[in-house]
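Next, two complexes with chain A in common: one pairs it with chain B, the other with chain C.
Then we have the complex of A and B:
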C-alpha cells in the first residue's frame, strides 16, 4: 500500500505542475519582444491594419483576461486557432506529435542498442584498448553539434551512397521508419555517448560491490552474475538518465527535424516562436510538458521495478 | 538574366502576345512532354491560401497556381496581359474601366465562372476591413455588372496602377457559391475553411496539404488556357511542393534526384550547381533590393542626438561604402549595385548613374562639413542568423572605420527587430524588399512617401516628393508619370536615407529534364508551363 500512495502522490503532483507550466508559458510567450501581429504582417503593414488585426485576434484585451480565457479553454482541451495558419492548434499538434514521438522512440532505441553493449565491453575492459577506443569515438559524438552530424550522415548515407532518402517523412508506416532512421541515428549519437559513459561507470562501480563478490563466491556463472546482478543494478542510474534525457531529445528534435525536413513538433515550435504564434507555442509547451512528466513517471515506475526500495 | 534561362520560358506566357519577345528563342524547340509529377522543394510552407487575407510571400508566390486574376503580369514584370479578362478599355477620362471576361471558364470543380463571381471577388478584395492589401485597389468606387461577360470598375480618380492591381494576387477571382458553401458561421470562418482546400480557375487544384511537409496539387481538368499545341495547360498531371527548410538538404535532395527543382539556392552554392551537368541553375531577375535603412530624426529615443539627421552625414556614409566589394563578398558577384531605391525590374525605374560611387575623400569631406570629422558611433540592427546581412554589415563596418565611423552591430530576432523598427527606436537596420505589384507606387509609398510609414520609419518627409507622388498616383499619361518618377527617385537619392547595396536574382535549380518554369520579378512561381522530359 505504501507504493500505491506514492504513485497517487506522484500523479497528483502533475496537476499543479501543469497549471504552473500553463501560466509560465503564457507569460513567457508574451515577454518575448515583438508581437504576433507585427510578426504576421511584417514591416509593411499600416498602423490601422495592425490595430484591426490585434483587435480581431483578441490581443488588445488585458493580459489577465487573456490568461483567464486561455486557462479556461485549455482546461477543456481547446487551445484555439493558430494565429498565422488559421487552423485549430490541436490539429497542428496532432499532426506533428506522432512524428516527433516516433523520432524520439527511434533515437532512444538506437541509443540504447548502441550504448548498452558498448558500455559493458568498455567496463569489462576498463582502461584497455577497447575501452579507450569506445570512449574516444563517443567523445566525438558527444562533442559534435547535432546539425553537423546530421549533415554528414545525410551527405554520406543519403546523398552519396543513396541508402536512405534525403530527408522528408514519406507516406506509409514503413516509409516513415525508413525516413526517420537517419534523423533518429543523428539524435541518438550524443545521447548514446552519455548513456554509455554513465553505464560504464555504473557497471564498474557495481562490479566492485560486495553482493557481486558474493554472487561470484556462490559459484554463479559469469553471464548470470553480469545479467542478473550487475546489469540490473547498474541500470537504475541509467534509467533515470534516460527519463531525464527525454526533454533533451525533444529539444534536439528541433534541429534534427529542420535538417532532415521532418514535419514534427520541433519545427512547428520554431516556426511558431518566430511568428509569435502564441496559441501554438502555449499548446506545444504544455503538450511537451505532459510528455516529459509522463516520461518521468514511467522512469519512476521502472526504477521501482528495478529497485523495490523505491516507493517504500 | 543568364543565357540558360531562354530555354525555360516557353510555356506559361508563350500564347500571349505580350510575352512573344521573350519566347522567340524557344520557337524551334520540340513540344514539351505531357504528364508526370513535378516535385519542387520549397524553403517554407504556406500559411493561409486566401488571396485577400494572406500576409506572406509563402502564400502569395503560389496562390497563382490555384487562382487566376483578370489580368496576368508579363514575365518581365513590366506590364500586364490577358488573364480571365480578354479585353479591357478605359473611358470617362480614365475613371471607368470595362473588362470583358472570357466565356466558358470553369472552376476546378467544374462549376462555371459567373460574372457575379468577379464582382463578389473584387468587392471582397477592396473591403477596407479585409486583409492587408485592400489599399492596392482603393481607387475602385464601385464594381458593376454590365452584362453576362462584362464588368465595369468605376474609379474615384483615374488610377494608373489599376491594371497592375488586377494582375495581383489579392484580386484573384473566387467562386462565391463555393466560398459560401464552406463550413463556418462567419465569413472569416468560411475563409479559413476554404483556404484549406481552395478551388479556383487556376491551372492546379490543391488535393492534399500536410502542414510543414507537402502540398499536392493536381492539374485542373477544366483549365481554360491552351498550350501552343492546342491542348490544355498545364503540362504536368501533378505538382508536389515539398517543404524542406534547410538549404543543404534541399540541394542534396535535388542532386539525388528526389526533387525536380528547388527554390532559394544560397548564392554561395550557385556556382557549384551551375557546374553540375545534371542540373540547370536559373537566375530570375527579381525586384529584390537589399539596403541599410536609417532613422533620421534629430533625437534618438534615449534622448541622444542622432548624427544621421544630417543629410551630409548620410551621404558620407553612402560614399564610404564600396558596393562592388560588398557585392563580391556577400553575393559572390551575383548581385548588381542598386541605382535607385527600386529595382531595375520595376516599371519607371530610373537609374542613370551609380548611386554614390565609392569615394573616401568625398566622404571625409562631407563628414567634416557636417562637423563630424572625428567620426561617431552608429548602431545597426539585423536579424540574428542571417549570414548575408552579417556579411554586409561586417564589410561596411570596416569601410566606415576608414572615415572614423564605428558601426555597432545589434543582432536580434525578426519580431523584436520589427517592433523596434515600427516604434522608430533604432538608428539603422538591414533590410530587403520585393514588390508585390508591377508598379512603382507600392515601393514608393513605403520608402519615400512620408505620410504612409514615415518613409521606412526614417522620420524623413519631403513635401515636394509627397506632392509629386500623390499626383503620380492619378497620372494616366505615361510620359508625365515617368517624369514624376524621375523626380521622385532623384529627390530620394539626394536625401540618402538608405544605403542602397544590391539587387539579387531569384535562384532556382532544376534537373536538366525540366523546362518551362517561370518566376516573375515579383517572385510568383508559375508552374503552368513546366514540363518533364
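Then we have the complex of A and C:
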C-alpha cells in the first residue's frame, strides 16, 4: 500500500511544521520594536519593576533556554497570563476560538453552497445569459471589500428588515447560529466568488476531456456523466483552492468580527494588539498558524480521496 | 445483407475562430450484420469526426447535416433518452486515444460496470463477473485486483484493451472502433483483431474499423471506404478495391503500401501537401497531389458513382484506372 506510506509521511510532516511555527512565533516576538518589558510597562516604570517582570518572563535567560521553555510550555497549552486581562492566555483563546471556528465553518459552508451549484450552472451555460449574469454578480462580490459588504448586509438585514441581530454571539447553539449567519455570509461572499470562478473554469476544462465524451458514448445518463465524471474531476483542483483559502478566511474573520462585534479570535487579536498584550498575540499567532497547517493537512487528505493518482 | 447503420450525405462543419473547417463533406456508407467496414484515409481526413457524428458526440459548435439511420430510425432526431440507450447499448464505440479516454480518477471496474448499469439489469455480482469476463476476453488476465486499479496503473495497450472491453460490455450490435489497436504490439493487435472478427462472425456484430494500416484492412475487413479531405473517394469489397483501385488516391495509397511481409506500421504517406479544410476544393480535393490529374479535376467535383459491381469511385480517371 504505497498510499498508506504517503499518508503516514504526510501526518509526520506536521511535527516539523509545528516546530517551525513555534520557532517563528518566538523569533517574531523578539524582533518587535523595543523590548517587550518596557513596551508593557511604559516609560515610567521603576528599575525594580522592570527587573521583576524581566525575570518573570524569563527574559534574563539565554535565547536557547527561552526558546526551549517557550516551546515546552506552548506544547502544553501554557502561554502564561494575559497582561491586560490578568487571566491565563489559554482561557481567552479557548473562549474565542470556537466562535471563530464556527464563523469560518459557516462561511465555508455558505460559500460552497452558493458557489458549487452556480459554478456548475455557469459552466454548463458558458457564455449564455445564466453564465454572464452569475459572473457579473460575483465580480461585484469579488471586488468589494469585506467590511463594505458587511456594513451593507448589516444595514439591510439587521437594520431595516430586522431579520438578524446587529451583533454579538448569543447564549445557546441556535442563538450562536442565528448571530453568526450575517457575519458568516459576509465572510463567505468573496470566498464564494473565488471558488465559483475556479470551479467554473475547471468544469469547462473537464467538459472537453475525452473521458467525458467516452462516458457519453457509453450511454450513461446525463446526471451520471455530470456528477461522476465531470464534477468529481473538476473538484480536485478546487479542493486545493478551498484549503488554501481557509487561511485567508481566518484573516477576513478579523475584520468581520470587528464589524459585527463577534467575540472571536479576530476581535481578541485586535484588542490585544491595541493593548500590547504580547502573550495573547503570541498564542493567537501560534494557534492560527497551526489551524492553517491543519487545514492544509485535511485538504491533502480530501485530495487523496478524490484523486487516486495522489500519493502513488 | 440488411444495413444496421446507414449514413447518407453526412456533412460536418466546425465553426472555429479561424473560419469554418469542413471536416466531413457528404459522406455515405452503410454497414450490416456480420460485416466489417474498414475506414481508411490519411490523418485529418475526417474518419474520427465521421464516427463521432454517428452517435452525436461532437461539440456544440459542430454543424452536422445529412442522415444517420439506425435500422431505419433517424438518429439525428432521437430524443435524449432514446439516444442514450442507442449509445453503448446498440452502438458501442472505441475512441482513438487510449490515454485520455478513461477517467483517471475512477477504478477500471467501475468504468466497465457503469456501462452495464446503463444498459442491463444485471445485479452487482453479475456485473462484476461480466466485467472480469470482458477483461479476460481482451486479454487482461490476473483477476479481480484489476477491477480496483486505476487507469494510471495500466499500460497504454492495456488501457486500449480496457476501452474495447467497455465498448463491448453491453453487447452492442454495431461497434465503431477508431484505430483500436494503435497502442498494441503486433501479437496483441492480431489477438484483438481476431477477437473482433470472431464477434462479427459468431454473433453477427457489425464493425466499422478505422485504421491507417492497409494491412489491417486486407486481413480483417470485408469492405473498405477510402476518405480524403473529408470526402469519400472510393468504396467497395476489399479484394476488389485492392486488386483494382478505381480512384487515383486509392491507387497511390496501395502503391505506397509497404510490401508483403514487412510489418511496417508507418502512416500512409504519399508526396504533396495535406489538403486545406477551411477552403474546400472546387474540383477534386486530391487533384494537387494526383499523378493522373487532368483539367476537369480542378474545375468539376467528381461524384461517387458505381464503377463496378459493389464498387463506387469519385474519380475522373476511374475509367482509365480500370484499364
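One rule holds for everything that comes next: the second predicted complex is superposed on the first by the 276 of 312 C-alpha atoms of A that agree within 3 Å, B and C clash if a C-alpha of one lies under 4 Å from a C-alpha of the other, contacts with A are read in each partner's own complex, and residues count from 1 in each chain.
Quick note on the criterion: a residue touches a chain if its C-beta (ideal position, glycine included) is under 8 Å from a C-beta of that chain, and two chains touch if they have at least 3 such contacts.
No experiment lies behind these values; they were computed from the predicted model shown.
Of the two partner chains placed by superposition, A:30 touches none, neither chain B nor chain C. Looking at the shared chain after the overlay, A:221 reaches chain C, while chain B stays out of its contact range.
In the superposed model, A:10 makes contact with neither chain B nor chain C. Residue contacts after overlaying the shared chain place A:165 against chain B, while chain C stays out of touching range. Look at A:271: by the touch rule set out above, it reaches chain B but stays clear of chain C. Set against each other, chain B and chain C touch different numbers of residues in chain A, with B touching more.
Of the two partner chains placed by the overlay, only chain C lies in contact with A:229; chain B stays clear of it. Residue contacts after overlaying the shared chain place A:135 against neither chain B nor chain C.
Within chain A, not a single residue is touched by chain B in the first complex and by chain C in the second. Per the touch definition, chain A reaches chain C in the complex via residues 208-211, 213-222, 224, 228-229, 232-233, 236, 306-309, 312.
Those residues of chain B whose C-beta lies close enough to touch chain A in the complex are 44, 47-48, 55-56, 129, 132, 135, 188, 191-192, 195-196, 210-213, 242-246, 248-250, 252-253, 255-256, 258, 412-419, 421-422, 431, 446, 452-453, 457.
Touching chain A in their complex are the following residues of chain C: 52, 55, 57, 59, 80, 84-89, 93, 95, 97, 100-107, 114-115, 118-119, 150, 152, 163, 166-167, 169-170.
The touching residues of chain A, when paired with chain B in their complex, are 32-35, 38-46, 49-50, 52, 56, 81, 84-87, 92, 95-96, 151, 154-155, 158-159, 162, 165-169, 258-261, 263, 267-268, 271, 274-276.
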